[in-house]
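So the structure is just underneath, and the comments pick up after that.
In this document, chain identifiers A, B, C and D correspond to the written order of the chains, with residue numbering beginning at 1 in each.
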Amino acid sequence: MKKRIENVKIAYIGGGSQGWAKRLMNDLALEARISGTVALYDIHPEAARQNAKIGNLLSEREEAVGKWTYEATGDIQEALTDADFVIISILPGSFQEMASDVHVPEKYGIYQSVGDTVGPGGMIRALRTIPIYKKIAESIKQYSPEAWVINYTNPMTLCTRTLYEVFPAIKAFGCCHEVFDVQHLLADMVEEATGEKVERRQDIHVNVIGINHFTWIDRASYQNIDLLPLYKQFALKYAETGFEKEPGSWERSVFSSANRVKFDLFNRYGLIAAAGDRHLAEFMPPVYLESPEKVTEWKFHLTPVDFRINDQQSKMERTQKAAAGEEHFELAPSGEEGVAIIAALLGLEELVTNVNVPNNGQIANLPKGAVVETNAVLRFNSVQPVLAGSLPADVHGLVSRHVANQETILRAALDENRQLALNAFINDPLVEPIGLKQAEKLFNEMMDNTKEW
Amino acid sequence: MKKRIENVKIAYIGGGSQGWAKRLMNDLALEARISGTVALYDIHPEAARQNAKIGNLLSEREEAVGKWTYEATGDIQEALTDADFVIISILPGSFQEMASDVHVPEKYGIYQSVGDTVGPGGMIRALRTIPIYKKIAESIKQYSPEAWVINYTNPMTLCTRTLYEVFPAIKAFGCCHEVFDVQHLLADMVEEATGEKVERRQDIHVNVIGINHFTWIDRASYQNIDLLPLYKQFALKYAETGFEKEPGSWERSVFSSANRVKFDLFNRYGLIAAAGDRHLAEFMPPVYLESPEKVTEWKFHLTPVDFRINDQQSKMERTQKAAAGEEHFELAPSGEEGVAIIAALLGLEELVTNVNVPNNGQIANLPKGAVVETNAVLRFNSVQPVLAGSLPADVHGLVSRHVANQETILRAALDENRQLALNAFINDPLVEPIGLKQAEKLFNEMMDNTKEW
Amino acid sequence: MKKRIENVKIAYIGGGSQGWAKRLMNDLALEARISGTVALYDIHPEAARQNAKIGNLLSEREEAVGKWTYEATGDIQEALTDADFVIISILPGSFQEMASDVHVPEKYGIYQSVGDTVGPGGMIRALRTIPIYKKIAESIKQYSPEAWVINYTNPMTLCTRTLYEVFPAIKAFGCCHEVFDVQHLLADMVEEATGEKVERRQDIHVNVIGINHFTWIDRASYQNIDLLPLYKQFALKYAETGFEKEPGSWERSVFSSANRVKFDLFNRYGLIAAAGDRHLAEFMPPVYLESPEKVTEWKFHLTPVDFRINDQQSKMERTQKAAAGEEHFELAPSGEEGVAIIAALLGLEELVTNVNVPNNGQIANLPKGAVVETNAVLRFNSVQPVLAGSLPADVHGLVSRHVANQETILRAALDENRQLALNAFINDPLVEPIGLKQAEKLFNEMMDNTKEW
Amino acid sequence: MKKRIENVKIAYIGGGSQGWAKRLMNDLALEARISGTVALYDIHPEAARQNAKIGNLLSEREEAVGKWTYEATGDIQEALTDADFVIISILPGSFQEMASDVHVPEKYGIYQSVGDTVGPGGMIRALRTIPIYKKIAESIKQYSPEAWVINYTNPMTLCTRTLYEVFPAIKAFGCCHEVFDVQHLLADMVEEATGEKVERRQDIHVNVIGINHFTWIDRASYQNIDLLPLYKQFALKYAETGFEKEPGSWERSVFSSANRVKFDLFNRYGLIAAAGDRHLAEFMPPVYLESPEKVTEWKFHLTPVDFRINDQQSKMERTQKAAAGEEHFELAPSGEEGVAIIAALLGLEELVTNVNVPNNGQIANLPKGAVVETNAVLRFNSVQPVLAGSLPADVHGLVSRHVANQETILRAALDENRQLALNAFINDPLVEPIGLKQAEKLFNEMMDNTKEW
């Protein structure tokens, strides 16, 4: 007989979210072994209230085997008090600020496919987000120091790093699904090569080593098949055309790609880059992001903020309908791991998956304290990274540059040292080619668009 | 459909063994997914030949779903060539030497319950074993550098340490079942406390941190139950009487105990010592091993070498019978994990279990390079220790003393530096109380009994 | 022309001291390049006042080329405010407590030659001293965070460790003259071997590696002479008789020895132990401290607390006379380095000498953060340890045991965890031989004699 | 009386050198305390023979108080056998290859002021030099494993790194005078600010932290003056004009500059870059090396290889004259430290100076094993780096990029992995702006010009 655990409390910071919150509610409803309360905290309480309504409606449905009570609140203390878990998934700043992050650099010839992690957009976004996370960390320290904290916000690395800098004893880690997509790609590759169907993404075993959105796989296997030699052929075969399960599908969504960036990185560096091409491209000099045309050639997309605004708008409309009970949606696993992670931390299963936590030796040649992404064993009240090894010298060069920049941005934000921020900014591989003078001008323009700095 | 993997080659060094070899053959016969050849190498080829006969007879039995061919050889090159796995389980030295290890110190008032790990016996045994392991490591480097090497020989730490010292790129680790017994004890505790039956030992999740036979558990859980507070009550309740599932059973076997040493260590140090009392007692000053009478009071046993000789004799007789097909034994899981480990390394399952490998950060406050025991994730062609954390200051004091002694013994054996060996010897907690002069005398007497030093 | 630096402020915590304070005043008077104010703070303000009088009288003397104003105060804030340097040299606890430290263990067969560093006395003294140092660290953090802090109090390691634990940004280090005496011994050895006079102690270059009062020299030279081979002969030659410049002189002072302990340690471990025999003996099992008779055979002394009380009494009488201007004493270099160190930190010279600071890699195989003793380069506002290397495995075993005990005692004192303190206590090499039960009894008796615990 | 040390043997690899060899002979002649033999080894034995003649003529002169015998040899075994010191100062490759290093990149818009350390030229030079150093290391291991090895060849970091990679027990370090020039600059600054004459360069105390030619000073003092605040004013004051002791003098020599690069780096990063502007500029993106015109604006020079060829020609003519006894030159200290270093290692003095050795903790946030430049204490047979601390986050970003590239180049050269070399090449800040395609073309062209790859 399987255990049932009741009265679990989850505090959700950013509980008015239009995306993650729904996926979580969906997955919670599908997990029969756990029930309790979700406190949805948001600086936009109305959005949280709508999500609470949707959640409670959902919980009433018969097929919802996991029963939860959703409560919206604008008071972080209330949300955090007695929480067993804290989920953080916020949008740091306005769409206007995000538009500046992504599009102002275009005037200087810098194109960004996402703009939320590194590159000029990611850095300015980080400068804006770190003070918010500083406050969140202080609240958690005060109101729920024993809770497990799961971060989904980008820039993942610096959000998680800030939590630990402010409250070193925090039990926090960051989660990202980019590695999962690469596991799916490897599963597709196995099926192509062997004709055999891979049943579960999790059966593609990978060693994850790097930093979020720029992490790498240096060992991969499916059962007794070593996937690296297979990938070597695969990456060569599809270097020019790219690979998609459904050919042409990359063109249909701004979030999709044909994996050409990943293949090119493998052909040059010999490791599998473990994130979507949109993210990977931003960590490199403008090879893949030289121009919008080149982006198309490499078969991925820039994500205009207009798209995000429209997307948000339509999501909000659906939210309103759903909250009013006017829209029915089917329950189905979201593909996210949040609820499986919660189940593992509650002791219901053992889970080996990738997380973002401060380096304590799991990556031998990255600095201690830097937030890195590797596998970890998750069990009752425990997240233990595995020793992932060392990055090879050339990849180490690519990754450690961003690690240094991120550490510089952290210091700049916490000490409010603008020169330090600029020094990181000009060391970014997308920024460097425009030269010091232009970079400084761009920096100032973007900083002017970022409030409260 | 599950994978079947054929043509696996296992080289077994010490293949004439009367204990481990049988358990392995038994477990291999019960694993349907793997088949291949086992090369039994031994310096006593006749013993290996008998085991080969037993193995091949076993393989013919219908209920033996794993089919293996056993071959005996006295040529290590032949055994190792093309091996996928190397298992090492040898008896280093003669029973006469072992009798000296265990019993000569008794003349000086030093009692040892095992005499194979630390203490005067363990140290002298190590000095004798390291040169043997040096040769084994050189052979593996030459003939099977890519094979996975699983060590079962004691002293575990120094055997494994020698393999890495001589051949740093070796893929080796040491396995020991002592932690399993503690998991069984914790399962019994859970059953007593909750009335609920724990189905699998592996469902008792433990964080393992220390060195072989002196490793510790600082976190333990069963489902969502934190076992440390439970153990606190348990250790207090049974401090005086000890705990056994069947009361009194400890008296029936020299290998058994009533766990009083473990409870006493918990009551003083706050961590669960994760080995049998016989082993644990030898790492401490003579609190538990003050005298044979005290040993009985603490409800465990000294293991006289006479017992081992008789035991070996009766095992050999059974071996002869079995090899002649005159003895029938039922196939049943041995409780060892060797075959599960092989299955994991072949990619058939993911396994989290405790292993002994050089410290590369898995224990933050033990020296890099020292062989330590922690959990690891085992997958296809991969053993990755998890970050186990740090030992608390007082337990660190107990453990690091032995780590330093073991490093000293290693250097002494490799450099043939007798003074260095003596310096380790007198720093052992069982030896120290007899004083420098007596210790030196004992050391010389024991060394004289140890050939080729 | 040499620089003169005026208006330096030194705060002296323990400014009523009968020993160190005088030596400092003496050496300050002999240093022409620096002048300023010394604030003598003491919990016994009268003693500080008398020292201030002596200091001011001294300063008036013509031959006192360094001119200082001495002020006594009972207010630590006043003493620390604006201080450039803070010197700490206190007597932690009463003579009654010290008598318990040193003599109560004798009832249990444990003899201590000093009782202020390790051993039962050193440990209990540490438990009493750490809370005092916690307060001092907090005061320095508040009133003089930029000052250089020089500690002379024992137990040196734990006093310095506490300062850093409480105020990690402190600029503190500990100073001890024991290494100087070993340099003098080596100079004597050089003179005996070569007939050549060594002019300055500092010309005996040594690499210092270890912890205070148990530090070691693994390289030593005088000009182009390697002193290790010379010492090998020397230690053998004088193993039985000991060596003294003036034969027999060790008998005249409780602080003297004939270096037999040092020679014996060298003959066994191959390194030069770099402290007086009285200190060294206490770090080892009771080889040298087996009994008062053995101590005499080894040609050093136990230091009875009665002697200290009488000595203190006679010093106080001389202090009173000196304060009244009734006693004239000649100015002469004390042999201490405190003033040379102050001069170096003021930028007047570059000094390479041994200091006690947290390990940040200067000793590769001792834990980071533990306070260790090695050489450092002292310059203007800068103390930089040199990389001293690693201790050999056997000596590492001796030293790391005390490092672990000290860390345990620190935690015990800061967390007021009596069991933890006991766990360190029973792991001390002088305590271990009496057995757990006796040790616990002794511990309780000593703790009862120690106020405020 | 000062010691005299005779019969010292120095092996000079590259003993036909037109520059360093002369300076060494000159300084040896001025050091009265040491005498012996110098074996000049060169792959051009005639050049070595001429230097030997010059050296021996020099030694006959009366004012040459240090008497040495010079011997030329083309046999490295002969040169190394019995050597106490090995000096390595070679020109790796031909002027033709050097011309390719420096000038081929100009076709791609990449300008280099030196081309021997990093940048495209430095990297290709390294690929060519590492195999030579591999052989030298093997010879030293075989013929003079106990000798002290002093490297002067560039790329300093990778030459020294290769020596240790091939022969880990080597006693080697690299020496470079760039820091000395910065000390002279600081002395000039002190004189300008205070009117006081700084007598000795060595009285400017600096903490050196970084890698050769890109090392930094984060603390500097003269007596009790903190030089950082002074430098802050200084760098601002002379940011535009530059500073020279004799205004305009930078224009007279290709090796000179007006320190504008150093001032600009300080104004942006807050640390004193501790090398000549020509070297510093090459470690940064093309801010200072954007074009020949910009170089002139920044008041330093490109060094055309033509200049080097002519310079070499005229030096060789002077060498011939000197060897024929036709040219008289005055003995005068060269400003180099080689002989002072030899004196220190012979035990004649204690010296604190900057050296290049593998990182063993002296720089906390650079990887272990990377060759770094910091201060060290030099004594008899001993070089001990001091703990230099950590680089601030932004400077760490600049430096660690080159550390990663250098490690990649090392691996590429030792494993003959051309892709790896290219991966380092395109990650160089001077190369990155030309884009991947052009960079690859340039790489191939330069590699074609480099023999034996």
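Keep this in mind: a contact is a pair of C-beta atoms (placed from the backbone, for glycine too) under 8 Å apart; a residue touches a chain by one contact, two chains touch by 3 or more.
All of these numbers come straight from a predicted model, not from anything done at the bench.
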At the largest C-alpha centroid distance from subunit A we find chain C
The distance between the C-alpha centres of subunit A and subunit C, rounded to whole Å, is 54
Cα centre of subunit B to Cα centre of subunit C, whole Å, reads 45
Shared-interface residues of subunit B (touching two or more other chains) are none
Contact graph of the chains (line, ring, star, complete, other): ring
In contact, pair by pair, are chains A-B, A-D, B-C, C-D
Listed in rising order, subunit D residues that touch subunit C in their complex are 3, 5, 205, 207, 219, 221-226, 346-348, 350, 352, 360-362, 364, 375-377, 379-382, 384-388
Subunit B contacts subunit C in the complex at 268-270, 285-287, 290, 365, 367, 392-394, 396-398, 400-401, 404-405, 407-408, 410-411, 419-420, 423-424, 426-427, 429, 432-433, 435-436
